[in-house]
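Report on the following structure.
Residue numbering begins at 1 within each chain, and the chains themselves are lettered A, B, C and D in the order written.
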Amino acid sequence: MIDKRITSVEEAVADVFDGATVMIGGFGEAGSPIELIHALIDQGATNLTVVNNNTGSGEVGLAALIMAGRVSKMICSYPRTANSTVFPELYRSGRISLDLVPQGTLAERIRAGGAGIPAFFTATSVGTPLEDGKERRTFGEGDFVLEHGLTSDFALIKCKKADYHGNLVFNKTARNFAPVMATAAGITIVQTAEVVTPGELDPECIVTPGIFVDRIVTIDSPALESELVARGVSYP
Amino acid sequence: MIDKRITSVEEAVADVFDGATVMIGGFGEAGSPIELIHALIDQGATNLTVVNNNTGSGEVGLAALIMAGRVSKMICSYPRTANSTVFPELYRSGRISLDLVPQGTLAERIRAGGAGIPAFFTATSVGTPLEDGKERRTFGEGDFVLEHGLTSDFALIKCKKADYHGNLVFNKTARNFAPVMATAAGITIVQTAEVVTPGELDPECIVTPGIFVDRIVTIDSPALESELVARGVSYP
Amino acid sequence: MTDARRIGLSRDEMAQRAALDIPDGSYVNLGIGIPEKVAAHVPEGREVIYHTENGLLGMGPSPAEGMGDPELINAGKQRVSAVQGASFFHHADSFVMIRGGHIDLCVLGALQVAQNGDLANWSTGAPDAIPAVGGAMDLVAGVKTIYVITQHTTKSGEPKLVESCTYPLTSPGVVDRIYTDLAVIDVTDDGFQVVELSPQVEFEYVRERTAGELLPTPDVAPEVT
Amino acid sequence: MTDARRIGLSRDEMAQRAALDIPDGSYVNLGIGIPEKVAAHVPEGREVIYHTENGLLGMGPSPAEGMGDPELINAGKQRVSAVQGASFFHHADSFVMIRGGHIDLCVLGALQVAQNGDLANWSTGAPDAIPAVGGAMDLVAGVKTIYVITQHTTKSGEPKLVESCTYPLTSPGVVDRIYTDLAVIDVTDDGFQVVELSPQVEFEYVRERTAGELLPTPDVAPEVT
């Protein structure tokens, strides 16, 4: 019997350990697994390396995790967004480090990590300061740099609907990094608005096959980051 | 107005030139664009390099293209299948060359070609004769070989349903190589059983977005390779 | 040089001018800021499909304030819509479109453009700045044609079209055409080539505000042809 | 050695024995030939999800002769079915599952297995053979655990468990366990380790038909423990 449902977010993130690398889905608030992130704050793991395109906004979700001092390093493409104040302060005071990766390279490094590809060449960042320390090589008429696959201990992602085998479908642009992160993490933890029986999702339309998913928690009415920020909520 | 429909298979393949590289979708007969291949035989282009997982069966479709002497080189993983006699004969007599690529490496090389990645490392083929001539490098605890992205001048693929912007969905395991080939070809030519108006395909379920498709021809009742072979058909 | 703000095109007019050059049937990615305005000005009768790197091909206009879906957003994290024929995909697939050269055209803002096409638009290199690059480097390295829309000079009057960029590069040698308030300018092997001056703008006026080599249009100075 | 065909397990019994070791809840890829038969013998109460590299997770049994969909096939190009909870995907995504180490277990046939775990199962290296590799190299390089099902010797009585492979390798050092008609054998640092002998088969009988180092089970020879 394959049933990946977990009763609570607490249980779902219970084994995240100090020093773990955690990929967190979402592009801004779209796809951000805010209930899982809050459970991770409550759980207490620290010295985390977090992979996300941004650094959260306000004082909820990813920004709250950073504000709580749990993140020692961010791997992201754009740590500067509207209502993003937590990361800049910690960064300027040297309390968090940043590995800045171009967005497409970040997505492809995660995809490579999940695909068993240790490294690949891309033209992105050639001739820029972000090329520093990378191997450059010419193929055909162009120059390319070597980038490495990225894996993690855990991934926290959000989807629209799951079956209990772990097959997932997403909502619009909330899909973003979640499918590749699910492939690149040792343990992939999903919060979904709805769980159905295997067979109810169209097999031609499943975006993330269950093989990439380890745990599913139902959050039928997930909070919206922008609404919490607008209300001035600070987690916890 | 974006409308990628072409009236006939003849028009669709009219500009395939001598010496072109042509990716052809299909894994065995599943997904094989047999009407487009037959049109290519009629069209007459020769000295082609063809990329397909196999080499066709009987004397129709891809096997017929090879039998007609139009293919100077096959890039494939498995040129030896049931009812596959055409390729072995030509290969043994030195009239066609073979670039043997492991199936997963073939799929990933095509994906890389379409993704603007000139080369990547994989563990597949390390320590085997297929490693010959490849660069080997150690990452972490493993050894990997460098493989190159693969692109083509044309791709011929088959799908279940398209809209006239070129968005595609497929039928079951007939999907196989088609979506990656569509990304890797200069000109992607699709035969579809049905064309609908943009908006009729669920945007969450589109497998190949229209940006990767150039021409669409409707073949509402495509021939089945195995049936033609069973009937002893030899094309043309 | 404060008069540079009083003559030449407004931000909307710059977007409108750039929109004239968007070919029918093209796949286009529009950067944040003035480039976003281009879509509204593409001439009637042309069908253009917009890509946003966060996973949507077939992006449509923003919904009315407070409407829309917070999970249907563009790369600037603003709510948008999806047109008929749109498709959603994940981030790695989205950048296959960009890195693989499938997007025909990208319109971006700039901090500096050099006469050899070098683009700087992600960082001023200030030591206290939080570095942030997003998808800019991927876009300019991957998309076939790169248009820049920018004011001709900074607010303090410094040229943004320069002999060589002093800011960190986004990518070397990638810009094809620049739309400023003062002119439309192509990047050529010989330097900045004026294609068109904005109404009431003289070539000399533009040259004074350009740090690199600026070539007049053949019409303005036929001897250069 | 022709009696090797009269004692020991049949092909179905070998598949049945291997099936006992397929863990509940695992994701499994079965190779062509005897490995295909394993699925039918997995004990009741275990849920196993089968992957076929041509783009299906959740492969089910073959339909009756002449039924099914010619576009719903397995890697051996035979018609199959899809179970509840199955998903379809393209070839590159399918090999993400393989190369990325997501498939738990692969059961394959073999031409030769060496005592260090080297596997040869794609080519005899004969000069007139048409080389064909399919997905074998990707599977053994990527999947976590590799089981081999094979007759203990060739039809002419030559050992298939060897000191080192003479045929071209599929991958070095990948085989974990071997199911033959005569025994279940683990590949260990010390060589081939018998886990279990088939009914009526003596250790010496197996050793005579094995070219590499063969270690008896602790039960058979307690002094080795």
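Simple rule for what comes next: contacts are C-beta pairs under 8 Å (C-beta built on N, C-alpha and C of every residue); 3 or more make two chains touch, one makes a residue touch a chain.
Model, not experiment: these values are computed from the prediction.
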Pair joined by more contacting C-beta pairs (B-D or B-C): B-D
Nearest whole angstrom, what separates the Cα centre of chain A from the Cα centre of chain C? 30
What is the distance in Å between the mean C-alpha positions of chain A and chain D? 37
Send over the residues of chain B in touch with two or more other chains. 108, 111, 115-117, 122-123, 170, 172, 204, 207
Shared-contact residues (touching 2 or more other chains) in chain C: 82, 88-89, 95, 98-99, 142
Could you run through all the chain pairs that touch each other? A-B, A-C, A-D, B-C, B-D
Complex contact set, residues of chain D against chain B: 52-56, 69-73, 77, 82, 88-92, 94-95, 98-99, 123, 128, 130-138, 141-142, 168-172
Contact footprint of chain C on chain A as seen in their complex: 27-31, 53, 77-82, 87-88, 91-92, 98, 100, 102-105, 107-108, 110-111, 122-130, 170-180, 207, 224, 226
Residue numbers of chain C touching chain B in their complex, please. 24-25, 27, 47, 49, 51, 57-58, 82-89, 95-103, 142
Can you name the residues of chain A that touch chain B in the complex? 108, 112, 115-123, 139-140, 142, 144, 148, 169-170, 172, 202, 204-205, 207
Per the touch rule above, chain B residues touching chain C in the complex are 1-2, 111, 113-117, 163, 165, 167, 183, 197-199, 201, 203-204, 206, 209-212
